[in-house]
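Note that chain A is present in both complexes that follow, paired respectively with chain B and with chain C.
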Partner chain A sequence: MSRLRGVGPIAWREISTVVRTRGYLLLSFGLLVVFLGVLRGGGGIRGGYVPTAVDLLLPLELLVPLVAVALGYRAFSGDNDDRSVLRTYPVSDRSLAVGVFAGRFVGLAAIVGTPLAVVGLAVSRIGGPSSSVFATHQGVDSPVLFVRFIALTICFGAAVLAMTMAASVLVRTGRATLAAALAVLVVVVAGGDLLALIGLTAGVIEDDLLGTALAVSPNAAYRGLVLESVVGVATDQGGTIDVPVAVAGLAGWTAVSLAVIAGLGRRTVSKIRSRFRIGFERLKDTVPR
Partner chain B sequence: MTDDPVLRFDGVSKSFGTVRALSEVSAAIPSGSVVAVIGPNGSGKTTLIRILVGDLAATSGAVSYEGPDADRPIGYLPQDPTFRPGFTAAETLSFYSSLVDGSGPEPLLDRVGLGAAADRNVEALSGGMRQLLGIAQATVGDPPLVVLDEPASGLDPNMSANVFETAAEMAGAGTTVLLSSHDMTLVEETADSVLVLARGTVPAAGTVEELRAAFDADSLRGVLNAVVEDTEQVAVVGGDR
Partner chain C sequence: MAIRVAVLVVCCLLASVGAVSFLVAPGASDPDPAEFDRTVAMGLTLEEQRTLGERVVPRAQIAYSQYPYLVGYRGIGLAAAAVDDPLVSQQFGYPQVVYVETAPPDVSLDDSGFLVGEYTGEWIPAAEAVFVIDSAARIPSGPTPVAFNEEDRAAAFASTHGGEVVGWEERGRFEAPPSDGSDARDRIDAQHAAANETVDSAFELLDRPTGTVVGEDAPTLSAALENAEAGTVVRLPPGTYRGPVEIDRSVTLSGEDAVIVGDGNGTVVTVSADDVAISGVSIAGVGESLQPEDIPDEDRSDWDRQTEAAYGYSDAAITADGVDRLLVTGAAMDTPASGIILRDTQGAVVDGVRVNGTDEWRDGFMGVVTIRSPAVIQRSTFDGGRDGVYTHRSDGIVIRNNRFVDGRFGTHFMYTSDGLFSGNCASEQALSGITIMTSPAGNAIADNVITDTEQGISTSGSDSYIGGNVVVDTDQAIRTSARNSLYADNTVVGNAVGFRASSVFPTSVVVRNDVADNDRHVRATSGPLRVWSEGEEGNYWEGAEGLDRRYSPTDPVDGRLHRTEAARTLAAAPIVRGLRTLRGSVPGMRGESVIDAAPRDTPVHPDRLETARRIADGSADPGEVCAA
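Let's turn to the complex of A and B:
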């Protein structure tokens, strides 16, 4: 059996599911409305691509994880869960993980990327005088920088999507799946920054290592990469984050989560649970009654 | 039916924490036959089936498939089949087919009498029709062994009979069908051999006639009652498992 046999049909089924779910279309439209509202208030759209990216950065740190959770938390539960049947087909757990993730990722890229592309188009029409310059050298606003911003946003979404799907695989049951997905949301949106801040105030993290520590957190990595490779390029200001660690952080969260979805994590958790149970049984035996 | 087993259980045990669901189950499933697994609720039928299809790992023992080489050796209908919402019956089967041989869904749907509902969304199918779609799914890729976990669950008598007839037809065409059921009448009419499960063990197995004779019962229900009574007595004498 080919290691990735069945990935294509599985991914295609996920894409079809996203396309046929009207709620996702509404979600994408809702994002566009929010983006335009934020830009109307911030005025970035008239300033050009980079000011637009700056205006959208903070809302996207919350909205992208929300979309990822909406797409991922039920990917392996309820009516979407036919793993017991798929195990009788020549499809490995790895193929299933890659296929479902790939399909949902395409959905996420479309849901988030389309309204951002519309915003980019709007900038090209009504943005500042430099917004039509196709250049990436420092100090110049450019649509290439906005494309980079969209690509980074989608990569950030991929990491959160994979984390959400991994959480849903580990807990499996309906209500617990939602709780686990919300936990991922809280951890991604606030947890990383909070931990780095606590580490800094407690003296565990040195001042000069703060950039590296933040880069491990998905949303801080995303923010840092946007500031470095989009805003920093145009304004000649950077150095807010350790770029290689940030890239490795986002890729690492995605890869580890995919490994969990493919079964590695489930077996590990099952072993841990089993060890805890044995330990607990032994403890009960030693406690006098 | 041939004497060559298509499947063999060797001392299969399964525990969930401190609860022992299966205990040293051993059996051989002959090919080209309908084999029914019967037993009261909680006797371990679904656990045995889930181990067989790879959905659960046995705590000890082994299940070995000894049938012919096939892309998909075992087809499976779970107790409560789920289908991806928003897809038609034909699209659902096309997806599963694309994982094996890529054949069209029409022959599979016709086989279970769902040809007219091919373009109906799975959410719009009745419980019985969903069950039939599940059976069609279980036969995708022509697996030599088809496992049906309570295929008549929630169906009206006519539909139940239809499901069992389909199972018998599959066996007639050389496919081995292993099914679990609480409908003793249909099992008696359809099954070539019966595996009785009680408290996670197999206290009796054989053809319907053999079982009736061994337990001096006039029906399979009588056999099951006698087996369960015996097992309960053993459990009481032997203490709680």
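Let's turn to the complex of A and C:
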């Protein structure tokens, strides 16, 4: 327990930061507007919870990483780089990592989860069938499925948030953190799928391995889990992803990123960074002008 | 500190709610059965339902995973076929629960094999029921399985009425009526051939020896008919003859530039004998009464007596009642009421007739009325008046190669199944080219040209084929209300709305149609999202060429692709693409739209499309297109 001393206060401090920053409130509201716009265009909201989830799936795949990057990229740099101050308290690197992550994660869950919950409420008010002539039933549509959808979305956000924070630890300077975070964004949004696509094209990935290979990529794991445990319930079509691997994948990305944040002390980080720099200089020398 | 604890508790609570959501089953319990009248019901035509009387039909109802209404089936075989129909599951999800209604406790069969008794209203899951198949039990559309709640009762029924006792898992063996429009399509050639035989047989009536020449052998037409010998021709030289007359023996009335003029009251020529032919005469002086004051109270009164009274007894140029084999050919008639009325007439042929009705359809009546008379009506022209042809319980009627101009409906099917409407040309109709009402089954509407009307083809019922039609310049070209039907190879050009998707439980196949130059290709109203493609086979939509993706003609962006190039830019927007990609995944839960998963790059019938475009822009005359 002593190893994780101080996690609570650090997390609370992060939560307070998120609450104080009006921009995040605006971000959450912006998300709500986007969701409602998308649903108005797609018409899913009148259909029920599952069509709503279907309509929101792709926008969320893009927007959740964006929110995660916004929350995570300056977790350890810029205005927030007061670890030197924190280090004067008896707080371990691990506590610091877990605390900052936990706080920001709660922020992310609130920013993404609140508008989704509002959407869920809206569906319960206006969605689903109504008819004065015909007997209606819900089909297999259910708020439970929408809760699953929100939970999966937040888990996906957690993985990307951790990855962004890890990237921001690896590069310390202000401008570089943004670049690194954006790199995470690109990798999460497109990288995994692109690799799977290349693998398929090159014939490296067999058909029966595709579900597993995709599960390694965070966004594909998220998409697959939603298709499997939310949409698939209504269509009775399963096998869209290797579920255990997808769950392990999302958890793995989060855990490894947290380990990077916590485990890599200042010395290790600077060592890696200097190696990079040396390598880069060498590379520059070898390239003929 | 308290607030921290509160936040922590809330977080833990929400996290556990999220975790628990994966542990509980989403569909808590299967929906309960509903009263049958509250289901979206299908099976049996309205006529079949009306004729059932005190007899019952084994019924079922199904709740589909993606469809919010319970679907009722008249006929357990129909429900069994739907359960295993991939088209139904693509559209509405899998059957969550199937209920069947148990047979009446004291069920018996009447002479036709129909079940006699009262509906029990006792619905049990199909998996718990036992069924008797291959017994003598029938419903109007054919043999039927009968459901029981106890094995003993099923066995008792089988021992009395034959058949075998099986469970729901053997539903592949259940008797089921046809459930798509391909039967109607495949029947067309045979139906034409049968009609040709009817026509040949009727035309034999012209090969009769001349018995009487009016004006030479008899002073008047009436006198000639009174004295004519059966099996002879009564010839009318050019001139005007006074009616009304009655043909009460098997003669052929043959004229040349001969006009029979009634007294402006009642029907001019009444046929009451078998094997009568009327050829080459013109008829005028028809009365104006659309409904007689008193209808002879005959013993064939039925549920449709009122309908028959309302439509089958107007004044007409020619009326035939209860006769076999009648030919009316090369005749012309001017009428303020009806042209030809056929009641209970078998083997009637109306060929090359011209009926001029009233200028305003509300003032006039029908060109041909068929009451329980499956006639062949061909090569005729119906100009003005209300409906060109009005059919009532005339199953198997053939209406081909006619022209309908300037009426209300070109043709109006009431309680008529298995009809063929082919090669006709309808234009300038106030309401529609052809309208099918009262949920009949198995009609084929093929290869017609319909232009310049409010609605082109308006369908209802089921198991129909609507194919090869050219519909141009209407407010609404084809209404896809007929269920389990096939809408294929139609050319729909230059309409305000091309297709109207309106059926609440859409189970039809819509493929291989060419749809171009319409303000809106498709308008979808009540009912879920429809998938209008079958495997790799889709439709040609102007504006969707080269899309290489699913296309939704009802989508605000896709639906404008043929109207503005800028729609392409918006269609390529990430957000629009994102929305589009997964839309078809739960079609039954979405409303009022249509997608084609395999839109075509090229028209199916380019020549026909070109012709239709020329009709639409006025450079081709629909009449000439029809004649060709």
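Just a few scattered comments:
Please note the rule applied: the second predicted complex is superposed on the first by the 252 of 289 C-alpha atoms of A that agree within 3 Å, B and C clash if a C-alpha of one lies under 4 Å from a C-alpha of the other, contacts with A are read in each partner's own complex, and residues count from 1 in each chain.
As a convention for this text, contacts are C-beta pairs under 8 Å (C-beta built on N, C-alpha and C of every residue); 3 or more make two chains touch, one makes a residue touch a chain.
What you see is a predicted model, and the numbers here were worked out from it, not measured in a lab.
Of the two partner chains, chain C is the only one touched by A:51; chain B is not. Once chain A of one complex is fitted onto chain A of the other, the partner contacts of A:13 are limited to chain B, with no touch recorded for chain C. Looking at the shared chain after the overlay, A:59 reaches chain C, while chain B stays out of its contact range. In the superposition on chain A, A:244 makes contact with neither chain B nor chain C.
Considering which of chain B and chain C touches more of chain A, the answer is C. Contacts of A:23 after superposition on the shared chain: neither chain B nor chain C is touched. In the superposed pair of complexes, A:90 makes contact with chain B only, with no contact to chain C. The residues of chain A shared by its contacts with chain B and with chain C come to none at all. For chain C in complex with chain A, the residues that touch the partner chain are 4, 7, 11, 14, 17-19, 21-22, 24-28, 31, 34-35, 38-40, 63-70, 89, 93-94, 96, 504, 556, 574-576, 578-579, 581-583, 585-586, 588-591, 593.
Across the complex, chain C is touched by residues 8, 12, 15, 38, 41-44, 46-48, 50-51, 54-55, 57-59, 62, 106, 109, 113, 128-129, 131, 133-142, 144-145, 147-148, 150-151, 154, 229, 231, 233-236 of chain A.
On the chain B side of its complex with chain A, the touching residues are 17-18, 50, 53-55, 71-72, 74-76, 78, 81-87, 95-96, 98-100, 137, 140-141, 143. The part of chain A that touches chain B in the complex is made up of residues 5-6, 9-10, 13, 16-17, 20-21, 78-91, 277, 281.
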